């Protein structure tokens, strides 16, 4: 296995277990017929593939590329076309689940690309995840992740508003959560990841919003949803409002906290009043 | 049993089964030690209780009043105080579940009022519902219903935005719903009442948005949430945006359709583009 | 002149200049045929007029009452009817202009009530203001003030967003303000009260947002607009979003600052990023 | 003068007055030391400059390029760098004012680029416009236009909400407009381009929303503002809400109407209720 990262210590830790270090993405590509990439944003992906020492400069025909970055679906389509011109297959395979799921190999992968290549992709990704779903053509893995996370951001703010309003109207938070969870307001943000401290154990809200999925990352994903919605002329009034809300949190010191801290943001206001 | 309604045919149908008709709420109250009321809005409740021929003009000490209207929690508190002055107990007991649940006696009641009176209330309400929850002091039944329905309105619009965006990005609706329902975007509006036609059977979206919970009623409940939030100075950015969205639907000919028709509202735009 | 206030020092300062103190609103009313009231909110107005020792308990037929409170238009209508039953005329006359305008007698009064009584009202109010406008029937003074302040809240946030975005895109704030002020973005919030420090002199933004019109008061007025919009089923997507934005500011320590501090709220985020 | 357009009739009409037709942008560039471009969107600009037969394939050193397209500021920066590599100077010079202003040579140009080249740019642009403003470095012309139009979209919806709410509260529209225009709600959308039919003459709202600035174009500009705000992490809660509102209008048959038709959109709801 040949590996590359701009953070040398990350490379070293894998080399210590037997991998071979490469000096650039091109060197990885010239040594491999199956490549996995995971980068923070669209420009990074573009650079990693199209730079002079990028993957596409040396990629072999027949290579399978699985890109687990969460990026603009347009970028996935664009890199896929360039890969195809070299005879390689690029599939987008963004991931969800967080650090704990990564360590336990229980991640979820949402995969976009040609159906006949999916079994090969699944074989590889199953080593890291327990849930590998084929979503459709290339870029639909990104689309699925963006749609899910946009909905997640909306429901988390919605639950926070409902829990906060209910508390101010005199309801006990645990009792309110119970009612929501057995009624039509039921959602993952309420029954599995409730943002109100003390309602559930072992969730970030009961641990000062440490761990979990950072507000900064949720804000990034909501920004991707905005870009996709603008490009496809899809109305999304609540998605854009959620993006703005997380932008405000992100920049008032909540960026490193779990994204359920939007409840704390509302709650603090109560105290000041 | 003594009954009253301003719609005479409703009264007649119950009288035909053995009930006795009253000429006004006061006559019901003078004949009963347990009273159930269900009215469309706060002013109706106020009038039914405080008018010259209203319930409070003749109510007996010791009477238990269960009000199943969905109204402003402030109004519930206010009527409760007036009832208390007459030696009666008023509990708010708003209901959810719709016409089918009413016929099948499987409604949910959210009850606010003194804990020692709850068993008596539950005994009565269990004849109509299978889920009778004590939420806390008087008005907390209203609070619970308002919070649940505000969250429901938010998640329904959120699911509609996500399904619509996903479709435009190339995802198959059933596949997208499956991914959401097994991921963190999971919610009642997605897995039980999906607004995209064809994803689920036996829901309004697969029946031209007929039946179900009317947009006009959701708009009313979101208005109650707004009033409660303004009165308690609770921030609710998505709750207010959802209210505005349903206000627009309500007034563009969607008021009589099921509230999941917000998906259709977005979908129609796609066709026009 | 007979005066009453719950803050004794306010009464004393006017008594020192020759006024006579009353022990309650009823005593003012029994001594006066022209009454001016100014109270912070709807419940205060209701109490001042309808309590046992309130104005309506002793008001004389033919009395002209000018209420300069900013309150729910419904409350103005309701008090007007009660006054009419006593043979008195109630007109709503909310005011804008702030402390400096009050001292300089240059306030603006928006007056609602019978046209034939307007000249008498104007004669009195002109002693305090230079701009006295008849808006229509009773409660339209409130309506005009609420509509103006809702629009003011929207434009102030809009200018703040535009100035902040422009700055981040590399524009000089003074240059951007000049362009907006000579283009279609021109508004009072931009050309007379610009929220970006240093663009204009002698405005709160150039004085650490001290003085001016407090965020808490803008939030209250936007809440009144929300209530009026919900009651009249008027859609107001930006009005409600502005209300939520000011609610957040209000509760994060900006309540005592001038309402143009919404720019600072956005600006601070920039620094943290 | 050498001209090119993909619409042949546009070229013909100018050729009839003495211009020379080119077969592609490259031919224009090889014949000219001053070039003006005006295209509908970022991808069109990219193609016009960087395609095989694009401007940059033949542009001469020392050429001054003025691009009057309204596009993503990032694209302006990017094309500017490519032009610079060829020894040419690219300045962005988006325009506002509409068809009437174009015919009367009274357009406004917002120009971004090197200060020492501005006099030359102004000399050319003054033939078409009466207001030519230097905004700063390249891309700041776009920035200024985007900020102005974002604010314009916000104020237009704000005025429409205020006029509609005021009318429902019993105010006469002309009277309300007068009050707003002499108070702190004053803005161009209210005093020069009021969206309520009958308040002003000679504006689109008094002509069935024909003519003026189309809703579809406003929606496009608000989308550019969204993209710029997401890219620079600038919060813009009202800008994004305005974008969503215009997206809904655009797709419910209002795309060809003047953007002040947002008032009609609200007004129609009233009639249906």
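Quick notes on this structure:
Order of writing sets the chain letters: A, B, C and D. Residues in each chain are counted from 1.
One rule holds in what follows: a residue touches a chain if its C-beta (ideal position, glycine included) is under 8 Å from a C-beta of that chain, and two chains touch if they have at least 3 such contacts.
Predicted model only: the values in this text are computed from it and were never measured.
Judged by contacting C-beta pairs, the busier of the interfaces C-D and B-C is C-D.
Of all chains, the one whose Cα centroid sits at the greatest distance from that of chain A is C.
A straight line joining the Cα centres of chain A and chain C is 47 Å long. Put simply, the C-alpha centre of chain B and that of chain C have 36 angstrom between them. Among the residues of chain B, those in touch with two or more other chains are 233, 235-237, 241, 244, 247-248, 250-251, 269-270, 273.
Interface of chain C with chain D (complex): residues 73, 96, 108, 110, 131, 133, 135-137, 139-140, 142-144, 146-152, 154-155, 157-159, 161-166, 168-172, 175-176, 178-180, 182-190, 192-193, 225, 228-229, 232-239, 241-242, 245, 266, 269-270, 273.
Those residues of chain A that touch chain D in the complex are listed here as 223, 226-227, 230, 233, 235-237, 240-241, 243-244, 247-248, 250-251. On the side of chain A, the complex with chain C involves touching residues 237, 241, 247-248, 250-253, 268-270, 272-273.
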